[in-house]
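A, B, C, D, E, F, G, H, I, J, K and L are the chain letters, set down in written order, and residue numbers restart from 1 in every chain.
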Amino acid sequence: MSENKIYKLVEIVGTSDKSLSDAIDSGVARASKTLRNIDWFEVTELRGRVNKGRVSQYQVKIKVGFRLDE
Amino acid sequence: MSENKIYKLVEIVGTSDKSLSDAIDSGVARASKTLRNIDWFEVTELRGRVNKGRVSQYQVKIKVGFRLDE
Amino acid sequence: MSENKIYKLVEIVGTSDKSLSDAIDSGVARASKTLRNIDWFEVTELRGRVNKGRVSQYQVKIKVGFRLDE
Amino acid sequence: MSENKIYKLVEIVGTSDKSLSDAIDSGVARASKTLRNIDWFEVTELRGRVNKGRVSQYQVKIKVGFRLDE
Amino acid sequence: MSENKIYKLVEIVGTSDKSLSDAIDSGVARASKTLRNIDWFEVTELRGRVNKGRVSQYQVKIKVGFRLDE
Amino acid sequence: MSENKIYKLVEIVGTSDKSLSDAIDSGVARASKTLRNIDWFEVTELRGRVNKGRVSQYQVKIKVGFRLDE
Amino acid sequence: MSENKIYKLVEIVGTSDKSLSDAIDSGVARASKTLRNIDWFEVTELRGRVNKGRVSQYQVKIKVGFRLDE
Amino acid sequence: MSENKIYKLVEIVGTSDKSLSDAIDSGVARASKTLRNIDWFEVTELRGRVNKGRVSQYQVKIKVGFRLDE
Amino acid sequence: MSENKIYKLVEIVGTSDKSLSDAIDSGVARASKTLRNIDWFEVTELRGRVNKGRVSQYQVKIKVGFRLDE
Amino acid sequence: MSENKIYKLVEIVGTSDKSLSDAIDSGVARASKTLRNIDWFEVTELRGRVNKGRVSQYQVKIKVGFRLDE
Amino acid sequence: MSENKIYKLVEIVGTSDKSLSDAIDSGVARASKTLRNIDWFEVTELRGRVNKGRVSQYQVKIKVGFRLDE
Amino acid sequence: MSENKIYKLVEIVGTSDKSLSDAIDSGVARASKTLRNIDWFEVTELRGRVNKGRVSQYQVKIKVGFRLDE
């Protein structure tokens, strides 16, 4: 059983004032500072903030997945 | 009880021929013409139209939230 | 009953290293090679791959809808 | 951005003592009195009331969508 | 606390070869034989059977709710 | 393992100007032209179009299931 | 196989004019009159009634779980 | 068809620094200032804000339903 | 209407220390002691207990369906 | 855009009288007869049939994903 | 990209023998011992334990969100 | 408030080439190396990989729950 790969998921919210995709990039980049070997992400929520009638921040909630060392 | 802030949500569909993010921008901009003080948005559906094998319109359904005056 | 329009949906995953919107475009373009008259798409899942701390691939699962001939 | 079409959704519950379809018809007809140019509807819930062992009212919750003027 | 009304829900599948609404009617009618005072129903699933290219049975899963005696 | 029955599902949208049930009938009838032995259907979405304040088209998205030959 | 514990769930709606928590208490108390050994509950829906601009009844739909005798 | 009752739902977020139930009360009270005859509410989301390690605001998203005049 | 078949669903949790499938078997076997003619089951939740770093109990929540006598 | 990988999903129901895992195996094996290069599967529903108080068939609905040729 | 704010979510279950709101308070208070700057919470599940026909423990599953340092 | 028990959930993906149950076992066993006192698990997703027409890896996403020390 010990040879099976195991992964962990951590949920974060990436933000950006440019686009949904850039918000994901930001979140993944920040998560990579402390989590080694992030392998994939899954989007769980899209939202954002509005200021003076314009989108001021795209917020993308994602789960990032990475392999656990044995 | 009367001093608690209360917010209202209105559901719209923003569209764009450029990108998902631009569709959100369009919807928020239009909603801001008649709703004062929109504060945030939540995406509830992503879809679009296809014409001659190409995406002709991104459609993003969002709820926009704004504070109600007391 | 025979004069009612009937549509079919096919589920695909479009990918891109640029953006979520581009991943949809790729999927729709590929699907259009074999499916005539795609009319709309619906996004059912957003995810992607990460490589060396950066998003290397946006993956957008979509259902593409098209009218069936009678 | 201003030339993109924007739609709004309003949620109502149509009712009927005849059928689910008739409940939708009732809701759409009533909504059309105050909302111009309703274009489509989406069913979000089906329920109803029972009286003396018989269905006395079909209730269909729908969102009606219509285009906002520019 | 004892004076609060309490309701119970029981899940059934009504069927009909005529329509979705008739399937609900059938289910409610049968449930009323053993459950007194059914007050409302909530639809949780719509499906059915097909035979020789035609719908032979509409199946509507519903929860019926009724007040419990004190 | 080879003796186990395997089924496939195909997603379609049936339409009708009469009722939800008729929209399902239409979809099933059309699907049966090309798919042998459809056995059951599952409704996944109910929506429709509105024209001049009246429902002009009921749209029922269904998955039709049929047994695969061995 | 016979030594495995088996549990049953029954769905009820508890109500209260005081609070959500009190509505749960009411439902559990009433269910305990006829069901022995209720062990846990799961909330599946929160709603209520409004009268003259005030909440007159909190309604909490719960599933109560209890062990079946062997 | 015109004699069927039709209801409308409006989505709001009530807040309170006391409890979830009080947040619902606040939202319903505020909505009642502009919407006549609110009849029921449905909770769609529970969240809140935290300040210095303590809950500073319970936020309850609800849909309030009321009958439309004919 | 009286000749339509009607089914009822009852929700239980089967458990096993061996496997998910065995937990289903246990639940179905126990339910069959008091419910005649169970026809099918639907899994609604998978969970379990852990003891000293090992799964000590698989818990499978299922709805069992059976035909009601007329 | 043409160099992006595109995947397609097809939904099937695998069955087995042994276990949930074996039902998945059966479905995948059958799908592989006509679909080249299946890469992954996603479970969307677990259910089954009961006969004389015992599980006679585990049914696992899965989507199988495979890469489309360019 | 580095100047965008990034948030992390951690899922906990707060408990209380008093009320749902108190269970949230407990969870937030405990989480704040090890997580700096918790900003918001989102409720994902409500359940609890019952003992001798009375609710002995409200359990509220929440995600707490906090900003990550850069 | 401080005496209430608080639990934390961590999401992992266990894998196995044998069965769904074995994938859960693997995930729980690995998580137990670093998390003391895991008490329960909840399955949130079932999927897997296919190689040459055969399931090569069952992947079970689970949340493991454990009590936090006071």
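Keep this in mind: contacts are C-beta pairs under 8 Å (C-beta built on N, C-alpha and C of every residue); 3 or more make two chains touch, one makes a residue touch a chain.
Model, not experiment: these values are computed from the prediction.
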{"item": "Type of subunit I:subunit J copy interface by residue overlap (half), same or different", "value": "different"}
{"item": "Greatest separation from subunit C - chain, by CA centre", "value": "G"}
{"item": "Inter-chain centre distance, subunit A versus subunit L - centres from mean C-alpha coordinates, in Å", "value": "21"}
{"item": "Averaged-CA centre spacing for the pair subunit C and subunit B, given as whole angstrom", "value": "22"}
{"item": "Approximate Å spacing (C-alpha centroids) for the pair subunit D, subunit L", "value": "43"}
{"item": "Separation of mean Cα positions, subunit F and subunit B [Å, integer]", "value": "32"}
{"item": "Where subunit F touches two or more other chains at once, by residue number", "value": "11, 19-21, 25, 29"}
{"item": "Chains touching one another, given as label pairs in label order", "value": "A-B, A-C, A-K, A-L, B-C, B-D, B-H, C-F, C-J, D-E, D-F, D-H, E-F, E-G, E-I, F-J, G-H, G-I, G-K, H-K, I-J, I-L, J-L, K-L"}
{"item": "Residues on subunit D engaged by subunit F in the complex (per definition of touch)", "value": "19-21, 24-25, 28-29, 32-33, 38-43, 64"}
{"item": "Sites on subunit C touched by subunit F in the complex", "value": "1-2, 4-11, 63, 65, 68, 70"}
{"item": "Residue ranges of subunit F touching subunit D (in the complex, touch as defined)", "value": "18-21, 45-50, 53-55, 58"}
{"item": "Of all residues in subunit F, those that touch subunit C in their complex", "value": "10-17, 22-23, 25-27, 29-31, 61"}
